[in-house]
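Take a look at these structures.
Same chain, two partners: chain A is paired with chain B first, then with chain C.
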Partner chain A sequence: MLSFLTRRLFQGAIVLLIVTFAIFTLLRVVPGDPARLIVGGMAPDEVVVQKAEELGLNDPIPVQFIRYLGDLAQGDLGNSFFRPKSGATVGAAAFDDPSRDERAEVRDLIFERIPLTLQLAGLAVVFALLMSFPLGVAAGLNPGRWQDKLAFFTGSVFVSIPNFWLGIVLAQLFSVQLGILPSLGYKGFEYTILPAFVLAVGISPFIIRTLSVSIAGVMQEEFINVAPLRGLRRARIVAAHAIRNASIPLLNLFGIQLGSLLGVLLVVELIFDYPGLGRLTINAVLQRDFPIIQGVAIFISAAFVFINIIVDLAASYIDPRLEY
Partner chain B sequence: MTDTTSTSATPQLTPAELRTPMQRMLREALSRTSFKVGFGMFLALLFGALIYPEISSIDPTKMAVRSRHIPPLFLGEKWVWAHPLGTDHLGRDLLLRCLVGLRYSVMIGICTVILMFVVGCALGLISGFKGKLTDTIIMRITDAQLSIPMIILAITILGISRPTAPAIILVLGLAGWPLYARVARSAALAEKRKEYIKGQRVLGASDWRIITLFVAPAVLPPIAFVAVLDVAAIMIFESILGFIGLGIQPPTPTFGNIIADGRKYLINSWWIATMPGVFLLFTLTSLNLMGSAMENARNNVLKGAA
Partner chain C sequence: MADNNSILSVRNLSVGLEKDPDARIIDDISFDLGGGKVLGLIGEAGSGKTVLARALINGIGSPLIYRGGDVHYQDKNILTIPINELTKIRGNSIGYIGSNPAGALDPTVPIGGQIVEKLRSVNPSMSRKQATDRALEVLTAVRIPSPEVRFHEYPFQFSGGMMQRVMIVDALVTNPSVLIADNITQALDVTVAAQIIRLIQDLRDQFSTAILFISSSLPVVETIADEVMVLQQGKIVEQATPKALITKPKHEYTKSLLSRLPRIWGKDIKGPDAVETPNLMSVEDVHRTYYVRKKGTFRDMNAVQAVRGVSLDIREGENIGVVGESGCGKSTLTRLLAWLEEPQTGTIKFNGQDLSALDQKELTKLRQQFQLLLQDPYSSLPSRMSVGRIIAEPLLIHGIAEGTKLKERVRAAMTEVGLDPSLENQLTVGLSAGQRQRINIARALVLEPKLMILDETLSSLDQVEQSKLFELFDKLQKTHGFTYIFISHDMALVRKVCHRVAVMYLGRIVELAENNTLFENPAHPYSRALLSAVPTLDVHPFKSDEYLLEGEPPSPVHIPPGCSYRTRCPLALEICNRIDPKATMLAGGGQVSCHLVDQDQQAQSEQAATVT
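Presenting the complex of A and B:
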């Protein structure tokens, strides 16, 4: 157990190092001068040169990378190029405007938005499980019958729905036409419902499919066949034996699909103008706010590595036969 | 004479048993209703996309101010036969724009999957077959790549460079290979232990010879068989990029940029954003029905073989 943890953490650290290096290099070699971006198009050239010197942009990339790693080790992800601490925009301000001085820290920007993103993702997973469990379990218990076909068809259609389009259509229907649910921005919990539903439609096909396949497989095992002889009722056999065993592929799926879940999350947040991690990222990319992109990418990779370790631990907890 | 020798060499095998696994998978897939439905839909859409823009006298990028905001057939009051799906805010025919968008979407989807497949499988095969240090290095890179969400990578690169069709294919292909690498690696690991590969080793065949002539033909077809599902996934991805404004640039129509444009006119002309989505939904459903049927067929055949 302990050796497993140290080994996985060590491997995770290496993966993170590669990711950091890749993102760092990528953002350094692309066109676009960060110093010019920071001071704005109106600034005289001396100011740009001075800013570049100040940020250490003239040093070789490996030197910059080591320095960045040093900051990273202290938990410092750097400051945003554009976003000021106060929250006011500096888009068109002159280069010597005082609002250009105080930049928000990337770490704060990220951590402010995590609770909202987690809330959205959590609700989406709940919706997705509510939608997929009945379909998936029914399909797994009746392979080849109409329940199976229904699950197959629903899954095929759900996975084909472009999420951004569904978001627009649902927002139009529920917010504009019917006026039941709000869909833009965030002012309370009800703002999470529509985005979470769109996300859930995106995730549920994978859950339905995994559930139906693994339950169909488990139901043919010997311990299920002999369970009625032990006097167990069918409901208990399905709930306690079949679903419990089928939940391991589900957990692994979660670990693997996490990346694409994040992708969908980003888009959904953008459509619904939901102030989470995704909107921050897309805006940062469109503005070329490199420190934010870098910080988010590293943060997400770290979360990815960490969650996959948790998934493996949880799987071995559910099924003690599994090795780490 | 040759007839008798060949039949005596394999006396009890019926034609069905002589088929290669690939042929059995294809037959199994072709016999499924969902495959037939999906395949039919997809062929019809593809045929439409290839033919209609050529024979139609309308230009998908030409604006006609007089025929702006015409609703689709049978909806509203001023619909016309000339524009079955209506027109957008600049009077451009939506059906034509969707079909041209479909061309790009399918083209990008297929090319990207081929690139993903080639890069991923090559690395995966080498990694699984060579083992040891090569394996460790390739798999750690794969893990790293896998832990950067594709969308962040794609929007970072495309936001900075000019998004053209080849650039999009390259970025998505290079972002999507790790899953193929993992699958190919585990398949190669399993194949490596088999007797006939060991036999090749004894005969003195080089690693390259074994990988290209024996491991790859045995391992790759089942993987390629389910790649159709990825074509659909990449097409969604391409439309997302288009929607954010990082896809192929206007005036060339793509699903993403039509929907992004139409979003501004939702209240008056809901069909501008809705129709391309429905169109895309049909295309993707056809691909996914086909892909899932193929996947199920493959799983059945592989289970029977094991």
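Presenting the complex of A and C:
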């Protein structure tokens, strides 16, 4: 178990290193001078040169990369180009405005948003499981019957609904017409419900499909057929053995689906103006705030690697035959 | 009509198919199982054995459906009582053991947990602690070594035989009054099957359970049952005591069953005599070890010593058999002989040529002369290729023939193995196992090889097909002068066709002898143990009480030092712990690796010396 962890963490570290390098290089080769972006369009050229020197932007990319890695190791993701510590954006301020030097640290920017994003993603997964489990399990237990058709139909409808459309319709319905749930910004837990539901509709078709297929497969297994002859009751067989065995493909799917979940997350946060990681990223991209893009990308890939390790651990905990 | 002693009584039970109102899988079956009795049921594949076993405990579902009759356990009709009543009987008062121990339990939960789960499901008042104690008690009773440890292990960590013991525990843990044993030895090696039968016999006295013992092997049923029923196409055609059934069969079907049983020992039973011909292939001290990463480590390796020093001469035109339990290295040896893998040390010479000295081109050319025939006729043929193309493939690979000549040779090969040449352009879908195996033979035959290596080639076929293919092999041997290597676990088959037999144990040949010598006067204690486990109706020269082994072979990762067989040998001496016995040549051309034989020989020669 321990050796599995060390091996996987080591592999994860290598993956992260490669990802970091790729992101770093890509951001250096796209057009646009960071120094100019930082000091603003009105600054004289010598200020730009001085700023570039100060940030080490004249060094070769590998040198910059090593320096960045060194900072990363100390938990320093760099500073935003535009966001001051105070919160307001500095885009319009003059180049010698003191607020330009007080730029926010990327680490702080990311960490203050993670709880909100986690809350959103977590609630979305809960919603998705609540919708998918009854549908998927019922479909798997009754292949070809109406439960199966219902699950298939629901999955098809959900997968075909564009999330931005659903978001706007739900906001219109629940916030504007019924006035039950808020849908803009974030002032409390109830602000998470609508975006989480939209996210859940995006994920659940995959869960329903995987669950129904793998439950149907497990129900054909010899040990399930023999179980009633051994004296087990049907409810117990389904709950303790069928779902247990069917959950392994589901876990693996979850690890893989995480990427697309993040994609949907960006859109949903933008629609609902939800102050999470997604909105931070989109704003950073629009402003070309490279350190933030870079930080978020590295953070997300780290989360991706980490969650997949957890998924593998969980899978091998459920089924010890899986060699890790 | 039911006698008072009957505990399970079946009346006019019929099972059919949902879609076809006239079909009958089980047809009007009635019988009584008396308390504490063992009732045998014998039937061939497809006779409805498993359907009957499950129908007795209301365990059938779509597409099967009850078409009449009832099953009474004590005074309750199992087929009509509500599910709550049923769960009190099924799995509790009536235990069930199936033929596939490997798939019978959830692979993701330790076996102990599943037995406890079952116990508490049929007996909810039992505490977890009580259930655990009871499970451990029965695990000990079936002689599973270190039950406390194995309680926490998963199904995949058990061998087939051990897993079947676990399933016996699972059935007996509730102390049922009826046990339905559905072909429980089918998937097991003969030695392990014999152990399980003996265990059932012991437990029968201990638990006083009535047993319905279902099997496809009459010799197996005969050893254990008080009475035997014969099942043919869903009907019971005869019921008698085993003795009466064997000596005075009444029904035609029983007679034909008996006549088809292979004979091993008896007055007129003799195997073919060995031939003295030049060597075709000589195997000298070949070794093959596999390295497998240990679970949960970075790079610690387990060395699996699959074949450890096998030497064997294969004579031209002979049939040589290689026998042994699962995991003894038979399949690895096959792969080495077919040169699919090279031995790490040692040489294999074919027709005097060292195979390792040949380059790729020469090897491909030489390969035409030795061909491998596989066990599974389904997975060994490509499903999207026409029959003719499959058989033509070797000729194309070796560039031997093309155009009309190719077609002619393919057709000739098909005719020779008894395949209708009109099958040429068909796919293999829908062909029977026997026909498929014939395609396999034709594919090997078309190259006109000298040596055919048969890896359990006939074991997936039924008796009738087997004997037909035998005649074919025999005919081919006469016309082409083939040499056959039969790798098999079927002793009856080996007895019938092989000139010489090699017995393998833990990657070595422990005895090599002529057919009649091995079956009538084996020298190695392991050979005797193997023979004692063979189920047969013949008068058995090796009583299983005396020769049968307990336990299973050690893992090829941890081979005991000294004689590797000593851990199971009932006759092991002190010297066996220290010194690995060398192969000793015996009079009559056999060879054996055993200290006992060496000592006997020594004593005899000393005796001879003093006499003269």
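Just so it is clear, the second predicted complex is superposed on the first by the 324 of 324 C-alpha atoms of A that agree within 3 Å, B and C clash if a C-alpha of one lies under 4 Å from a C-alpha of the other, contacts with A are read in each partner's own complex, and residues count from 1 in each chain.
One rule holds for everything that comes next: contacts are C-beta pairs under 8 Å (C-beta built on N, C-alpha and C of every residue); 3 or more make two chains touch, one makes a residue touch a chain.
Remember, predicted model here, so these are calculated numbers, not experimental data.
> In this superposition, which partner touches a larger number of chain A residues, chain B or chain C?
Chain A has more residues touched by B than by the other partner.
> May I ask you to decide whether A:G155 touches chain B, chain C, both, or neither, giving the answer as first, second, both or neither?
first
> On the A-aligned overlay, A:H241 touches which partner chain: chain B = first, chain C = second, or both, or neither?
Second partner only, chain C.
> State whether A:R7 touches chain B only (first), chain C only (second), both chains, or neither.
A:R7: touches chain C, not chain B.
> For A:P320 in the superposed arrangement: first (chain B), second (chain C), both or neither?
second
> Pick one for A:L286: touches chain B only (first), chain C only (second), both, or neither.
It touches chain B, and chain C stays clear.
> Just chain B (first), just chain C (second), both, or neither: which does A:Q172 touch?
first
> Let me test your reading of the model: by the given contact rule, A:I207 touches which partner, first (chain B), second (chain C), both or neither?
Neither: A:I207 stays clear of chain B and chain C.
> Contact-wise, after the overlay, does A:L232 reach chain B, chain C, both or neither (first, second, both, neither)?
After superposing on A, A:L232 lies in contact with chain C but is clear of chain B.
> With both complexes superposed on chain A, which partner does A:A43 reach: first (chain B), second (chain C), both or neither?
neither
> Output the chain A positions appearing in both contact lists, the one against chain B and the one against chain C.
In chain A, nothing is touched by chain B and also by chain C.
> In the complex formed with chain B, which residues of chain A make contact?
Result: residues 11, 14-16, 18-19, 22-23, 26-27, 30-32, 152-153, 155-157, 159-166, 168-169, 172, 176, 259-260, 262-263, 266-267, 270, 281-282, 285-286, 288, 293, 296-297, 300-301, 304-305 of chain A touch chain B.
> Any idea which chain B residues touch chain A in the complex?
So the residues of chain B touching chain A come out as 34, 140-141, 143-144, 146-152, 155-157, 159-161, 232, 236-237, 239-240, 243-245, 255-256, 259, 263, 266-267, 270, 273-274, 276-277, 280-281, 284-285, 287-289, 292.
> With touch defined as at the start, can you tell me which chain A residues reach chain C in the complex?
Touching chain C: residues 1, 3-4, 7, 221-223, 226, 228-233, 236, 240-241, 244-245, 318-321, 323-324 of chain A.
> Would you tell me which residues of chain C are touching chain A in their complex?
Per the stated touch rule, the residues are 54, 57, 59, 87, 90-92, 96, 98, 100, 103-109, 117-118, 121-122, 154, 156, 170-171, 174, 295-298.
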